[in-house]
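Going by the order they are written in, the chains are A, B, C, D, E and F; count residues from 1 in each one.
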Amino acid sequence: MTDETSLVLMIVLPFAGSLAVIVLPKNARNAAATLAGAVALIGLVLAAGSYRSILDRGAVRSDIQWLPTLGLDFTLRMDGFAWLFAMLISGIGFLVVIYARYYMSPEDPVPRFFSFLLAFMGSMLGVVISGNLILLVVFWELTSIFSFLLIGYWHRNASARDGARMALTITGLGGLGLLAGFLLIGHLVGSYDLDRVLASGDLIRSHGLYVPILVLVLLGAFTKSAQFPFHFWLPNAMAAPTPVSAYLHSATMVKAGVFLLARLWPVLAGTYEWFWIVGFAGMMSFVLGAYFAIFQRDVKGLLAYSTISHLGLITLLLSLGSPLGAVAAIFHMINHATFKASLFMAAGIIDHETGTRDMQRLGGLFRFMPYTATLAMVASAAMAGVPLLNGFLSKEMFFAEAIATHADSILDTAAPYAAVLGSAFAVAYSVRFIHSVFFGPLPADLPREPHEPPFFMRFPIQLLVLACLLVGIVPGLTIGPFLHTAVTAVLGSATPEYSLAVWHGFTIPLFMSVLALAGGAILYLLLKDYLARCEDGPPYLRRLRGQRVFERVVVAVSWRGARFMESRLGTRRLQPQLRLLVVVAVIAAAWPFYRLGFDPGRLTVQGADVSFAGIWAIGVLCALGAAWQAKFHRLFALILLGGAGLVTCITFVWFSAPDLALTQLLVEVVTTVLILLGLRWLPKRSTDVTPGLATTGARLRRYRDLAMAVTCGTGMTMIAYAVMTRTPPATIADFFLTKAYSEGGGRNVVNVILVDFRGFDTFGEITVLSIVALTVFALLRRFRPAPDNVAPPEQQRLQRAFDEARPYREAGDTVSDYLLIPAVIMQWLFPVIIVFAAYLFMRGHDLPGGGFVAGIALATAFILQYLAAGTRWVEDRLRVLPVNWIGFGLLLAALVGAGSWLFGYPFLTSYSGYVELPLIGSVPAASATLFDLGVFSLVLGATVLMLIALAHQSIRRLRASRIAAQGNEEIA
Amino acid sequence: MSGVIIAWSVTIAQLLLLAAMACALLRLVRGPRAQDRILSSDALYVGAMLLLLTFGIRAGSTVYFEAALVVALLGFVSTAALAKFLMRGEVIE
Amino acid sequence: MTHAADLPVWAALLTGFFLILGSTLTLLGSVGLLRFRSFYERIHAPTLGTTWGTGGVLIASMIFHSVLQSKPVLHEILIALFVTVTTPVSLMLLARAALYRDRSEGNDGVPPFEAAAESRNERRRSSNT
Amino acid sequence: MSALVPYPLLTASLLMMWVLLNGLSVGQVVLGGIIALAASLAMAALQPVKPRIRRWDMIPPLALIVLADILRSNIAVAGIILQGRRHARTSGFVMIPLELRDRTALAVLACIITSTPGTAWVEYHAGNGMLRIHVLDLIDQQAWIELIKRRYERRLMEIFE
Amino acid sequence: MEAAGHLIVMPIVLPLAAGAFLLLLDERRHVIKAVISIMSTLALMVVAIALLGSADNATASSGAATNSVYLLGNWPAPFGIVLVLDRLSALMLVLTSVLALASLAFSLARWHKAGPHFHTLFQLLLMGLNGAFLTGDLFNLFVFFEVLLAASYGLVLHGSGPLRVKAGLHYIAVNLAASSLFLIGVSLIYGVTGTLNMADLAQRIPAVPAQDRMLLEAGAAVLGIAFLVKAGMWPLGFWLPGAYSAAAAPVAAIFVILTKVGFYVLLRLSLLLFGVDAGATAGFGDAWLLFGGMATIAFGAIGVLASQAVSRLAGFSILVSSGTLLAAIGMADARVTAGALFYMVSSTLTIGAFFLLIELVERVQDPAANVLSVTMEAYSDDTQEDVADEEVGVAIPGTLAVLGICFAACGLLLAGLPPLSGFVGKFALLTAMVRPEPVADGVVVAGSTWVLVALLILSGLCALIATMRAGMQIFWAPIEGTVPRVLLLEIAPVAFLLTLCLVIAVQGGQIMRYMEATAQALHSPSGYVRDVLSAQPTPGPNAPSDK
Amino acid sequence: MELIVAIAIGVLTGSGVWLLLRPRTFQVIVGLSLIGYGVNLFIFSMGRLRANAPPVLQAGAVLNPADHADPIPQALVLTAIVIGFATTALFLVVLLVSRGLTGSDHVDGREPN
């Protein structure tokens, strides 16, 4: 197998395994664990197998093209540093799988757990062996996501949900920051390829964008590694199942941050900003984490704060910018992973066996589980930095670096003291852990009777503790060469000389170690009694909970703040929206004039016709009147609206547009009837409220709207005037005028445009009409009137009562008398209008008219019948099937359009010519006429459908109220 | 000569019709009640129809005729609907 | 006015006369509409426009177009016919509606409904005897 | 014949209308005939009360009378309008008992009365045949009743009944 | 003219014919209607894919006409109306049909019975969309806009109910006002240039005399506002979340493409009419789009955070997506355009899937919602087409897991997190904005671009927080043994769309290449203009008319 | 003449906009109709005003395009009238349905507080 393949397999296998595991049945514990373990083991073997190539070539690479033009390829690149991490990830992953098999309860949906775990492993491997920064971000975010799922595994538990949410929010935020930082790096370097980036350190550090890059990348790293001030998510994440903590919060997830810092160390480190930001965060995390750890009652809480502290130590080491510091940091990454993973597992065993993790409730467990206790003690000792254990070695290196001078600053001066203080705290919490769990009196009220766990649950701890010991005693033989490979991969030519010996003689670091060990022990002795009964959390800082502050901020910003902002920046009311639309449109239209000036054109008065001016005096009055009266006098406004329409229609005639006048008039009639039909269902509106009583605010709003209306009107006037007084450009109109008859076969150019030149527009237009008619129909199907509209109108009730009160009258006499004579005339008009509609239709192509006006005219004939004799009467006599007419019209238009395909012409190509008919002679025949017939049928159907659907509401209500009345009678 | 006669008479006729429409509008605005307004709007329509016919004469063309015909044949539909609404509170029962 | 120039003067004069006659009558009708004091009076006014007002203009139009096109152009008759047939519909509906409203509001000067009913009762009585 | 052409008079009138609109030619007559027939068939679907016209010859005289009356009334009403309020004038309602029952005939009467300026059809009671008209210049109620009944109703009854 | 040449018009004629035919069938024949509708949509997808293939091959084969031009009525441009197929329109067609298929399949579970003529309206909506994407004529664009809007009015109200009607009223009122603006804009442009054909306009605009230019620009600006209303730009898009969240799930899903019509037109017109060849008016409106788009992203992100209901969250994420695209147009850079196109495809599929999913997951929250809400309307007397009251679907174990996975996928896609296409899209945009080129080239990235980059990233964070909050509430809140009743027919479309998101992420290289070619063509519009204006009518001795 | 038409357009649009911003649905629908008139006239005016030159060709006459008004805006207005009619009808029904369901004829479906 080539190295490339094994690289790809290392990534692909965990994800494939994850998918395979998740489809397993819920109770397939062993199968899931076996599969997961196998995947981890294969990963370990694959990684191990490529070590030789890494030694030979420095790194193995695999390039798969993904988004080459964007500089994002699936590039994998494993050097010594990545190799070390890959080994840790798959190795500890394997151990965690074994451990989890015994830890997880049979009731849990275990396949899901292992699936997430494998996916996480894959993502983590991806982070360490990505050869492209963006790909790294991809895997980085995946680790956040899967850690979210793993932390929230027991999602019935509120603390698991909170912990998961917080972890994802913070690490997700960091990931996005990282993405931004990498984008900037890409911007500077011209590539996202890791090799090129690593080679461009000088360029980046000297550029003005260095600080933003640094801050963004650190945001990613610090959030991931739970560094101050983003540390607080980690303790909350302890709600995760313990195997998750053992894996994510010791060896992998949280290590990603410091991994990244080390990875980019050659690019970003060594500047003043780096030293300050990274150093400060590291020191704070180191000391505060350790301090907080002492006062945790929860074993896992203690370990979580300890993790923060140890990662702070690593960060601090990296901040120094010295190669030796980097070596120490990398070394401590490995050491911390081993002892912390084993400690988490031990904590899990304790929890598993006793049912609690509260150190105030635990004690004396050594008697019940001496083996586990011993292992835990060794691991704790490593954590505390006791000699002959791996923790001691890296801490020693840390002390050595702390006393060296790197930059002349307070931070540098404070480093040795902080180092000793933090280490002493570490000793104190380590001792506390061991002492309060395994020694002292046996508590009486443990939930379960403790005993040693099954062998395979302890086995992973044994291996890890063994590693701690081996590395601690013979570092040169065990970790030495591998560490060297890793360090060389990071530092390259800057790799310093360093020694992994256990004994360096009596040096200051040794003295500091002793001081820390002794100080820590004394500190624990002093605090022992207090710790046995104190509240959770450190004294003085107990109230200062980062996580609570964070949650408050998150809620304030992302919930209350967002809602406030949304209501301020937006609205759910219609009027403001329309107002905004008007304002924006006015600004948009005015802007070009503001920029380029406004030339209104010449003012012509002599051409003005007095009659025309008079016509528009009427029109203007109608329009203003309609605007004035629409609130309280709807009928009046409707009539005035009709007046304005009429004047518009006259204008069309005046300026040579007979077709428009015709259409406008017909539409006008139908619209009036339509709105009248609607008025029936609107509420009564009284004029009781006198305008004088309006509030100042309302009046101001009205003035504002008035100003806007005036602005719009003026604007339209100015623009229209400017265009009308300009010489027209050479338009496409001449083509239509010259070709209408010769090629379109019609003299009415407008109609030829509508059915031929631009028949496609008409095609769409009739579709609109049919859609609207269908919508109206659909809506009215479910129409429910307001309570005050259910009863018949007042007039009808009064007239009915009038009729009923008189012995010589039948109910309904009034209406039948009322309509008796008009109905006769209206009926006789029915055939007349039909003929008229046929006339309008036939002449359309040559003279004003056409399918549309004919359709509306015929629809009017129907409406008239409904008006005269009522819905029932008409529908008893006529088959009114408007939906079918619509369908027919639409299909006919489409078929006529498609008919031209038969002749090899594009859609809607028209045929026009003359057909010789016997007796009649030559008759113009154009396919456009058939198209127009489709239009006619559709318009008729749509208009009738809309009006009739509305009209039907009256009889529906009548029927409904009758049924309701009958129901009431039956009940009574 | 004919041209002048026609032009003048059309202009005068249009002004007279305009005055007629203006009177109708005045009544429309003044009301006082809905039936007056509806009646005036009907008168307005008739005035408009005649105005359209005068265009036919002025333009020497019959293309405006249909518009007038539409007013004559269908213009009453909206008036009738308005009137029925007044009487019955509902246009189609 | 290119077309009109071709017209014989008599036709032009006739056209002008009827045109102005029709318009004047229409205007008078509208003036009546404006000046009459009650609705029932006003309802008479527009008929001036719909009868001879329309008639005048239509005759003018017929003469003009017939002479101009040298063939009878009579379709204006249709307008006269339609107006005559349709105007009553709206006026009847409107008058009845107004009457109903006046009655239900109890306005003065409106004949009570019972007048018509009583006469029916009278007839019934007379037929009984 | 009546099955094919349910309303011959109507069909003929419609054809007439068509020809008026489109001009006279063989083609237009054929086309107009088809359309007129189709329109009459549509009318037949409405099942209106079929009017029977018995005296065709009475129609032209009535038309002439009506035209003359309208012309006269036009002048009269124009006079009233021009006089303005100087002339004392009373308007009012007149109740006319009609014997005419045919609805088509009534419709024609309505057209006549309404088209005549100065008279307006206001309400009609089908139950007792009472018609109320409004007269602009009302001097003698009885004279109006006589006028309407004699001048129009009698002739219409002859034509239709 | 060869039969294949007519393929361009099929995306318009096919749904029209299907929709019209459906009208002739009895209302209660739901099954046959559904079958016809699905068949039509499937055929549409096939046609669209074929067109995409031909559009993509056009340039590869020859340097001649790269845009297929269809002369409707056989009238030459600029006189007749033309349909123009280029990569962009083909892409939009495919996207529309894919989304349509998913929505339609979803609706067959029950929504299609919730009111009359659903399928007809749906087909006509597709007709309007396809027409808008294909037409090369400004006024014809208006007509198709109206077609799609009219159908959308009908569909947004489908199923009725107070919430829907109220939101629909706002939606309709705002869009009617916008349609007036559209007309004003188009006619003003005609008044100044004397043409309606887009290619002809592109040719005439540089020659518009200086004293007329302000009129032209005013027309274009007003027109732009009409499109921006559709695209939901702040402060013109407040109607959008309400209308979309109130609409029935399949309707909301297909509506996602509606906002993209605004984007499409703005992209097309701003590059064609005011692109590099536009002379003095080049680059008109770009700054407004950029800042307007940024404001929209910000508002959308705030809205996403502030949303209590998931459907509103989805509505606001449309605003985020829309704002992103508008800002991308404003950048007026071919690489950014390419990224924007990728982003658009991804976000359209995502939000479409999300809207469908929301209805399903809401059944998890509220088992009572298993019964269709519209059937609870007490008052419906002659609604024989009403949906039966029976609970839809059966409780399949594992449903919750599938829904959860889909929801998580949607969350990732919305937030732009890996590994799905949401990340690729966002990254494509971001990387094009910051241009990973050596600084030595002297490339300076404008300050506004950095703000945009920050907005894009932060809007992702907002989406992450909001979807996480919602998802945890739905899936992780303690519920006891309620397995929602979901049909396979309902979950399959969601899975289909999300799988597509995965596929386009994996196949990102190829797709980006297409997008880049599209963007290149858009940014050099002379080819488009040449192809349209040089298209010749079909000649022939037996021509239906001699043209 | 141009000035009169321009003022007409302005008044129609202005009145329409005023109504569009009012709270009652009926006001809005009347406003939309008025805006419709204004916009239609606006479109129409974009072809410039020509009296007595309808784009209807005389049979047998020699064609001179300059003798006829621009037919395109007329065709566009026709389409716009139809679409305007359709949308007015739709809006009317929607406002009726809204009024029925909410009991209010306020555009927001409820009276402001």
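What we mean here is this: a residue touches a chain if its C-beta (ideal position, glycine included) is under 8 Å from a C-beta of that chain, and two chains touch if they have at least 3 such contacts.
Quick caveat: nothing in here was measured; it's all calculated off a predicted structure.
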item	value
Joint neighbours of chain D and chain C, given as chain labels	A
Pair with more cross-chain C-beta pairs in contact, given A-B and B-C	B-C
By mean Cα position, the chain sitting nearest the middle	E
Interchain centroid distance [CA atoms averaged], chain B/chain E, Å	48
For chain B paired with chain D, centre-to-centre distance based on mean C-alpha positions, whole Å	22
Centre distance in Å when chain C and chain E are each reduced to the mean of their C-alpha atoms	57
Gap in Å, rounded to a whole number, between the CA centres of chain F and chain D	39
Multi-partner residues of chain D (each touching 2 or more other chains)	17, 21, 110-111, 121, 123, 125, 127
Residues within chain F bordering two or more other chains	20, 25, 42, 45-47, 52, 54, 56, 72, 79, 83, 86-87, 90, 94-95, 97, 101, 107-108
Residues of chain B whose C-beta touches two or more other chains	14, 21-22, 38, 58-59, 61, 63, 69, 73, 75, 80, 84, 86-87
Interchain pairs in contact, sorted by label	A-B, A-C, A-D, A-E, A-F, B-C, B-F, C-D, E-F
Contact set on chain F toward chain E in their complex	20, 25, 28, 32, 35-36, 39, 42-43, 45-47, 72-73, 76, 79-80, 83, 86-87, 90-91, 94-95, 97-98, 101-102, 107-109
Touching residues on chain D, where the partner in the complex is chain C	17, 20-21, 70-71, 74, 77-78, 80-82, 84-85, 91, 93, 95, 97, 110-111, 113-123, 125, 127-128, 130, 132, 134, 136
Chain B residues within the chain C interface of the complex	1-3, 5-10, 12-14, 16-17, 19-24, 26-27, 33, 35-36, 38-40, 42-43, 46-47, 49-50, 53-54, 56-62, 65, 68-69, 72-73, 75-76, 79-80, 83-84, 86-87
Chain F-facing residues of chain A, complex	572-575, 578-579, 582, 601, 603-605, 607-609, 612-613, 616, 619-620, 623-624, 626-627, 630-631, 634, 637-638, 641, 644-645, 647-648, 651-652, 654-660, 663-664, 667, 670-671, 674-675, 678, 681-683, 685, 705-706, 708-710, 712-718, 720-721, 723-725, 728, 731-734, 736-738, 740-741, 747-750, 753-754, 758, 761-762, 765-766, 768-769, 771-773, 775-776, 779-780, 782-787, 789, 846-848, 852, 939, 942, 946, 950
Touching residues on chain F, where the partner in the complex is chain B	52, 54, 56
